[in-house]
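Below you'll find the structures, each written out as structure tokens.
Shared chain: chain A. Partners: chain B in the first complex, chain C in the second.
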Partner chain A sequence: MAKQLGFYFDSSACTGCKACAIACKDRSSLPVGTNWRHITDYGGGGWVPDPNHPDLLIANNIYVYSLSTSCMHCEDPACVNVCPTTAMYKRDDGIVLVDASKCIGCRYCEWACPYGAPQFSEEKGVMTKCDFCQDLQAQGLDPACVDACPMRALEFGELDELRAKYGDVQAVDPLPDPNITHPSFVMTPHKNSQPVGSGNGKILTVSGKV
Partner chain B sequence: MTGKEWALITFTILAQMSVGAFVVLGIVHFFAARKAGDEQADRLSDMALLAIGPVLVLGLLASFGHLGNPVNAPKAISNLASSWLSREIFSSVTFAVLGAAFALMQWRKIATPALRNAIAWLAALVGLFLVFSMSQVYMLQTQPAWDTFATPVQFFATTFLLGSLAIGSAFVANYAYLKGKDPDCAEAQCSLVRVALKWIALASIVILGVEMISLPLQLSLLASSPSAVAQASAALLFSQFAGLFAVRLVLVFLGAGLLALFVYRYASQPGSESLMGTLAYSAFALVLFSEVVGRFLFYATHLRIGL
Partner chain C sequence: MTEKNFLTKTLTETMLTRRSFLKWSAALGGTAALAGGVSYGLKVAQATAEKAASEGEWVPAACWGNCGGRCLNVAHVVDGVVTRQKTDDTHPDSPDFPQQRGCSRGRSQRQRVFGADRLKYPMKRAHWEPGGGDKSLRGKDEWVRISWDEALDIVASEIKRINDKYGPGSILWGTNAVAAAAGYVNTWGSTSSGTWAYTAPRVITSQSNMGNDRLDMRKSKLIVMWSTDPICSSGGSPAYHYLQSKKAGAKFIFVDPFFTNSAQVLADEWIPIRPGTDTPMLLAMGYTLITEDDPATNPLIDWDFIKKNTIGFDNTSLPDGVEPDENYRDYVLGLDASGHPAPVGHKNYPAKTPEWASEICGVPPEKIRSFAIEIGQTNPVAFMQSDALARVNNAQSVGQAFVAIAAMIGSIGVSGGGFGQTRHAAAGNRGPNLINLGSSGTVLDSPKNPVSARINNNEVWDAVLTGKYTDGVGPKKDINIQMVYHTKGSRLQTTVGQAKGIQAMRKVEFALTTDFHLTTGARYSDVVLPVTTMWERDGYVTNPNREAVFWASKVIDPLFEAQDDAWIDWQLGLRLGVYDPNLTEISNLQQAVNRVAGATVVKEDGKTTEPLVSITEDDLKALGVTGEPQTGRIPIMDFKKAGSYQVPRSEGDNFTFIALKDFRKDPVANPLDTESGLVELYCQKLADDVTALGWTAIRAIPAYIPPERGYETTFSDWENKVKGPYPLQMYNKHYWRRSHSEFDNVLQLREAFQQEFLMNPIDAEARGIKNGDIVKITSSEGSSIRPVLVTDRIMPGVTQLPHGAWTEYDESLGVDKAGSDNYLEAGVPTVEGHSGFNSQNVQVEKWNGPGLAPDAQWPQRIPLKEA
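Up next, the complex of A and B:
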């Protein structure tokens, strides 16, 4: 059994098409307003002086890149630490799950998680979240988001192996500082990605949020 | 900010007021007993003591309002090892049980005064731990507007400000009741109530000072923070919520400052008890309203970092 499963995301390949988020919603029949995976478009830049005519602003350095994120199944999950009922728990293989039979629906995990992963179900009155498609994984299949990506920008597996293969970049702006929860996540940044906390650009759109 | 946060506003304000009232009443009772004896001190404080319990119970009931699945509520104390929310619930229930036990024993004069005293001390300490737990619940690394020194300072300020003024109002009401029943017995009470109100007025002015220092300090801390989210939280108080923020400041200043000053003055003048009483009620009402608005703003202006 894996000791910590994680996601790999290639921001340099992602086109922001949202197929992963739709596949996720479809597989788990999530209602409108509930999204276990989000695509965040982040951008910035503006007019810059032309190298040949420094007094003219005719060139630009405008950029935009997309991030596809779900629950990070963190090594130090804030949601599990603050949950008063222990409904939020971490399994032996590192997957963070919510036991609906214990949840009181206080939504405290929602305040604590910097990834917006725990999602409240108005219908059931309890929290729901990405379960890493544990049912599919048990059958030897891939999580729905991973299989749906037309750019092959998502992968999953043992975190140590993902790190060995892709390095240890865990965040770019606007992702939170990875030291808060130690996400089980590795990424390849986009060529124009901005450092964490720089605030150089701004969030343009987040899928599922108007 | 969702509608459910009214449940949390009600719970935190009422629970803090109960703890503050319990502690303030204990202090007043201690000095009243030294000055005028146990019997007069009990007469001063027993009715007020009985009023604290229902306030706390009301707060606890309100807290259920923010649960999506209240059926599981008893499970909320399952994670004392790492969740401040568990510790908050556990200490609020413990405070309620100890406080109720003490109130019953004190009212019916059950067991020895030493044993009653010990339970009262225990209840007070659990109550103070409850207020501390409440503040820690909000000190999340992902919530910069909450994760500052100001959260515990403001929670304790609310606790003692509302506690003092609530007890002041309870004394005034109790005095009026005693006077109606038996004018003679009210004589000895009269001077006790006046002295107590004087100290309560003084305390509320000092706590107002604490609020007036910690608020601008917190705001400058947020505004000068490198985190854009922290700055945005502070900015909300000066844009979208500027009107309510002004109301909160003006009312607490009027109630805990100006009116408290008048309470102090009339409490020093024998014969002006009814004016003193009206002022004490008004101060309590203004401060209660202001603290509710303040707590509303606390929940309305927090922004989470990250996605």
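Up next, the complex of A and C:
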């Protein structure tokens, strides 16, 4: 039995194509409005006059990078800590799950989670979330998101082993400070990644939110 | 619950869940006779009982969109319903031997197939009458369910009536039955590959013969990606192949109006350029290479290749009788026949300096110069582009100008080099197929279409409305279109000039669509016939790329009353009396097996071949087809089960492809298919063939023609830089939500990828527009409204509307609410008659009318609320 399963994500290879997120939706037949995996496009830079030709605007350090995140199956999960009914729990292998029979749909976990991982089901009146494709893992298969990535930017495994292989970077902007919940997550940053909390860039959507 | 209530409930759900689907099937099963004799529901109900305890099976499933990705789809089928999908896991994954992984579109196929908006029954417009009735109701009328018999009778009688009344040439588009009974007018003109369609084979080589294979591309030192974004436009593996080149050390430079998703991962440098201004940029790069080259101290030009393998570079290699200053060098340097600077008014005036180009393309002259020098000094360089730069009005020269640079910098025919088109299914991996399929063995001949009139795509809606079309040089010809038949292809959506197209649809006497959703063409038709998707048929066998072959099986029985296109055509042909009822075509499965049985695969030596599959008598029996046993590389049943066979590859194998390698080495022994056998920087045939089409006279060298609706036309006064009524450029880009227009109705893709209009913060601010506002985008054709994504990723002065959104024309507001690119695009026939999708001028303002719900919350197009 694993001690703590985790995800590895390579932002330097991620194009933001959302194949992982759609594979996730497909695997669990999630309706519109329920998303267990999120893609965040983040970018910055701008346009400035060319010093040699003031009428001409040139691109100045324009960059974009994408982040693919799901439940982080945190070592110190905020969702579990706030759940009033113990519906949200952490399994021996570190996977954070929700027991729908105990969930009363109060949505405290949704409010507490800095990653937006628990998703409320209007239809069922309970919380749902990434279960790390535990059924597939039990069959010796990979989580759907991992097998979907056309750029091979997602992996999963024992967190200690992922750290040994890929280092211990756990966040870049605009992800939350990893000290809040200690996510079971390791990443390779994009070359233009901005530090956590810097606010140097913007989330590139019409709402400005993920 | 009554059946009627049950159906109402089922159909208001966004997707047919397995539970509701089975309940529906069971309900219909008891009354199958009511459904026009189609016993689908009954069969499913029985199958459900038999397989109640089964856990389902994985079936290789077609991913048939025209996106260029061509990835492996596998469907988990339980009791006739697909509950899940997966992609390629047929072999362990590695960069050399990668799985053919699908994208978000492919992984949404089951949402398309089982969407609650699937067309379920033949339908007619409530107020339809022979001859059309009130034709202005098209697009607004209610729909009425009819039987197949009634539907086919209507279609056959309208074909006869219209052909009798107006004669041959009155039906636009059609099938074999229409060809045999009346004939139909077809349309023509390059869409995907823009002006490369004419340029490539005349100037250098067929489009499929450009670029090297993916393992050779790992040897590139520098890869130029000009107007290409493979991760969006091809999906699947191409971007992953490029990532291997990057890991192997290649530098990537992207030239594009937009900082693309491919660029965000691959680019070391981005050179922003205005749409449609690539030719001036390329000419100025040529100017730089010629003027800065010094064979002794600064060798930039591959003179050996220029001298041996090209004509028309300078006046020493021109065909007889050509004016001596009609060559690439003199044009670029702006010289006359005497070698002096050409005077104002001279055909070669002015010199195509980086300063000259910069004013047009927006790239600083210093950058044009340094970029040209960098690609001249670096070896080898892969000099690649998609076709977006050629989907521009008047842009016939861009391909030739591109080839000229590739020729000068020595990219053609060398390892680590490559040039030209990297696109569609062959993006990042060119070369001949390693597996070639056999013939399908069909037995019936396609009838000849007796109508020879063909209308250019740009003029088709005008031709319907005005009765005139261009047929070469000279006065326009007459035509009288009175019926439109949308079959296999959403023409009203994917053809430029859609605003006129809607008017045209309301002019003709009869309009018919066969499709599986209420696509734009279907919505404006009188009769709509539901067809099966590729998941409901056998017969999908394809080469997704040069290394693999897929064989998708029939996944489920046809849903509701959907029928194959071939069945519809057959029934029509029988009614029209043009088909012999005693003849039948071989089955789709037999055709598929024939193609597989005849397939050959290249052996490890890279030269000899062997049959792909072994077949035994038992296999033929199990498949229920005829054939002969044979010996091949893999058992046929293994192939059918996996759905994929892929040739393993590794560096140093014998499958490397280097485009035009032999031609480079010895152009006399290995000539090109061009008139001279050489690369034609002077191409008389291109000039003659294009000029003969009747729209634009062009020169035989890549001379720049400012495009209609390009950058220059955003000004009313170019000299004084006074902007005109449509001051912004707009272009279209392939978008993850869709494969062209396919998938636009899939809710989870609408949620993941909103149809946003993109503009730069500088242009937005000047108009008081903020990120997330609804804006009104107006072109000469009409207006669309859309949420705006204000982003620095796009150049100032340039806007982008992603390609393919299904138009939602609001009659009361007078705007398209979906952001349909072709609604704003105009049909502008120029040069070879390609569609210039990437050249349009628009104005943008803040929209103060009613707001827009998020795309995923729009009602699905479910035409029949009750069965």
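Throughout what follows, the second predicted complex is superposed on the first by the 191 of 210 C-alpha atoms of A that agree within 3 Å, B and C clash if a C-alpha of one lies under 4 Å from a C-alpha of the other, contacts with A are read in each partner's own complex, and residues count from 1 in each chain.
Here is the rule we go by: contacts are C-beta pairs under 8 Å (C-beta built on N, C-alpha and C of every residue); 3 or more make two chains touch, one makes a residue touch a chain.
Note that the structure is a prediction, hence the values are computed from the model and not measured.
S.K.: When the two structures are overlaid on chain A, which partner does A:Phe9 contact: first (chain B), second (chain C), both, or neither?
M.R.: Once the two structures are laid over each other on A, A:Phe9 reaches no partner at all.
S.K.: Taking the superposition on A as described, I'd like to know which of chain B and chain C A:Gly197 touches: first, second, both or neither.
M.R.: After superposing on A, A:Gly197 lies in contact with chain B but is clear of chain C.
S.K.: With the two structures laid over each other on chain A, which partner does A:Val32 touch: chain B (first), chain C (second), both, or neither?
M.R.: A:Val32 sits against chain C, while chain B stays out of touch.
S.K.: Under the stated touch criterion, name the partner, chain B or chain C, that contacts more residues in chain A.
M.R.: The partner with more contacted residues on chain A is C.
S.K.: Based on the superposed arrangement, let me know which partner A:Ala148 touches: chain B (first), chain C (second), both, or neither?
M.R.: So A:Ala148 only meets chain C here.
S.K.: Classify the contacts of A:Thr69 with the two partner chains as first (chain B alone), second (chain C alone), both, or neither.
M.R.: The first partner, chain B, only.
S.K.: Which partner chains sit in contact with A:Val206 here, chain B, chain C, both or neither? Use first/second/both/neither.
M.R.: both
S.K.: Can you give me the overlap between the chain B contact set and the chain C contact set on chain A?
M.R.: Touching chain B in the first complex and chain C in the second, residues 206 of chain A appear in both lists.
S.K.: What part of chain C is in contact with chain A in the complex they form?
M.R.: The contact residues of chain C facing chain A are 14, 17, 83-87, 89, 93, 101-104, 107-108, 110, 231-232, 235-237, 239-240, 243, 259, 261-262, 264-265, 270, 272, 358, 362, 364-366, 736, 747-754, 756, 760-762, 771-772, 787-789, 791-793, 795-796, 856-857.
S.K.: Which positions of chain B touch chain A when the two form their complex?
M.R.: 66-70, 72-73, 75-79, 82-86, 89, 137, 140-143, 226-228, 302, 304-307
S.K.: Would you tell me which residues of chain A are touching chain C in their complex?
M.R.: 12-19, 21-23, 25-27, 29, 31-33, 35, 43-47, 50, 52-53, 56-59, 62-66, 144, 147-152, 190, 204-208
S.K.: Note which residues of chain A are touching chain B in the complex, please.
M.R.: Those residues of chain A that touch chain B are 38, 40, 67, 69, 78, 81-87, 101-108, 111-116, 120-122, 124-126, 174-176, 180, 197, 199, 206.
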